[in-house]
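The chains carry the letters A, B, C, D and E, assigned in the order they are written, with residues numbered from 1 in each.
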Amino acid sequence: MLIAKVIGTTVSTIKDEKIHGRKLLICRQTDEKGEFIGKPYVAVDTVDAGIGDLVLTAHGSSARQTNITDNRPVDAVIMAMIDTLEVDGKVTFQKG
Amino acid sequence: MLIAKVIGTTVSTIKDEKIHGRKLLICRQTDEKGEFIGKPYVAVDTVDAGIGDLVLTAHGSSARQTNITDNRPVDAVIMAMIDTLEVDGKVTFQKG
Amino acid sequence: MLIAKVIGTTVSTIKDEKIHGRKLLICRQTDEKGEFIGKPYVAVDTVDAGIGDLVLTAHGSSARQTNITDNRPVDAVIMAMIDTLEVDGKVTFQKG
Amino acid sequence: MLIAKVIGTTVSTIKDEKIHGRKLLICRQTDEKGEFIGKPYVAVDTVDAGIGDLVLTAHGSSARQTNITDNRPVDAVIMAMIDTLEVDGKVTFQKG
Amino acid sequence: MLIAKVIGTTVSTIKDEKIHGRKLLICRQTDEKGEFIGKPYVAVDTVDAGIGDLVLTAHGSSARQTNITDNRPVDAVIMAMIDTLEVDGKVTFQKG
């Protein structure tokens, strides 16, 4: 999984019928401190995440292993909200 | 999913029989403003996208989860047209 | 799918029994003009491609969705020969 | 598989129900000497790994082929602890 | 598939039960001449490869399509030994 920050939202009227009603959020990969290190991508939300939240995203076929994404044409899913990250015994991120 | 802009078309006479009749479009990844950040790739269209449209593309096995791409040898699909992208409360892209 | 040029051939005597008789070609990713932009990789040919041909390759599990590659340990397949690529209304590649 | 070092831990209260009870560790890819060469990512532990351990991680759908990860929305798994790495006849890493 | 050279071996006592008895070799991607172009990764051997051999590796779910890797948590497999590589009509690699 990637550590990522939710940075934005998407609106799509015309889309595959299987993704109607799914919330698609713009994410960017971060490091263990929550600092951006990657390009933006879009993931389906399953944990009611909001802008600024640090989350974990699963990719590829693994993104379809939730009740919300099963058999749908999506390749990234937000499957956990991050409360705390700790590296070498020190807290590097703590949800505000 | 990747945010991408449709930039072109492909014509192929000789191809796997399972992709006959599928429209294969050339896309390039963009950021949340629609600015190019990636190399060109080819995706199957399922939403009647046109040149210049900003779209979402799903990759890998997820690209085969639509009626148009099911069981076919394709690894990228355009599964949504983007109307609006919003980052940190500001509209970064609006369909013209 | 990636746009790629076929640049070479491979010979392997010792290999998994499921790929005996499959033609494995060396490809390199190109842009929409046919200019190289990537590293070499090897794909199974399903369209009788030759050296110098511009082709499309599908990757991952999608590479196993042809009659020639089904259930075999291969992760890239040439599934179309490119006749023409057109970007923003201009032909960027035309088969010679 | 990637060679990686376990560098940290994650805590998530809100997450997909299928990953409750799974230990999610922060890893970073290393080379054959255990030197970091990649960005951090998060993998499910199946071998009781600890901070500082050198491990192997499997990715994508392969990450779901263990009893602990089967059918769950996770795309990386720690499936082996590394005792020794040897390159060109020399030991490049030995577990302390 | 990637062209790769086998550079080393791994020893793991604690590992997922499904990979017991599998030989895990350290590989590095090469170009068509056998020159290194990538980072090290670990693949399951199915062709009795040795240190210094040039091989093909298949990745992702395709790595599980051999009798030796079926349903196991591995994402890379050595599925062919390379005898000869030829680019543009010239031999670029010949097994010694």
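Quick notes
The rule is short, and it goes like this: a contact is a pair of C-beta atoms (placed from the backbone, for glycine too) under 8 Å apart; a residue touches a chain by one contact, two chains touch by 3 or more.
Keep in mind the model is a prediction, meaning the values are calculated, not measured.
The chains that touch chain A as well as chain D do not exist here; no chain meets both.
Shared numbers divided by all numbers used gives the overlap of an interface; between chain B and chain C this overlap falls below half, so the copies present different residues.
Once the centre of each chain is set as its mean CA position, chain A and chain E turn out to be 33 Å apart. Chain geometry summary: the mean Cα position of chain C and that of chain E are 20 Å apart.
Counting partners per residue, chain C has 60-61, 63-64 as the residues that reach two or more other chains. Begin at chain B, move on to chain C, and keep following the contacts round; the order you get is B, C, E, D, A.
Listed in rising order, the residues of chain A touching chain B in the complex are 7-16, 18-19, 24, 26, 39-43, 51, 60-61, 63-64, 71-76. Those residues of chain B that touch chain A in the complex are listed here as 1-3, 29, 31-32, 37-38, 46-48, 56, 58-66, 69, 77, 79-89, 92.
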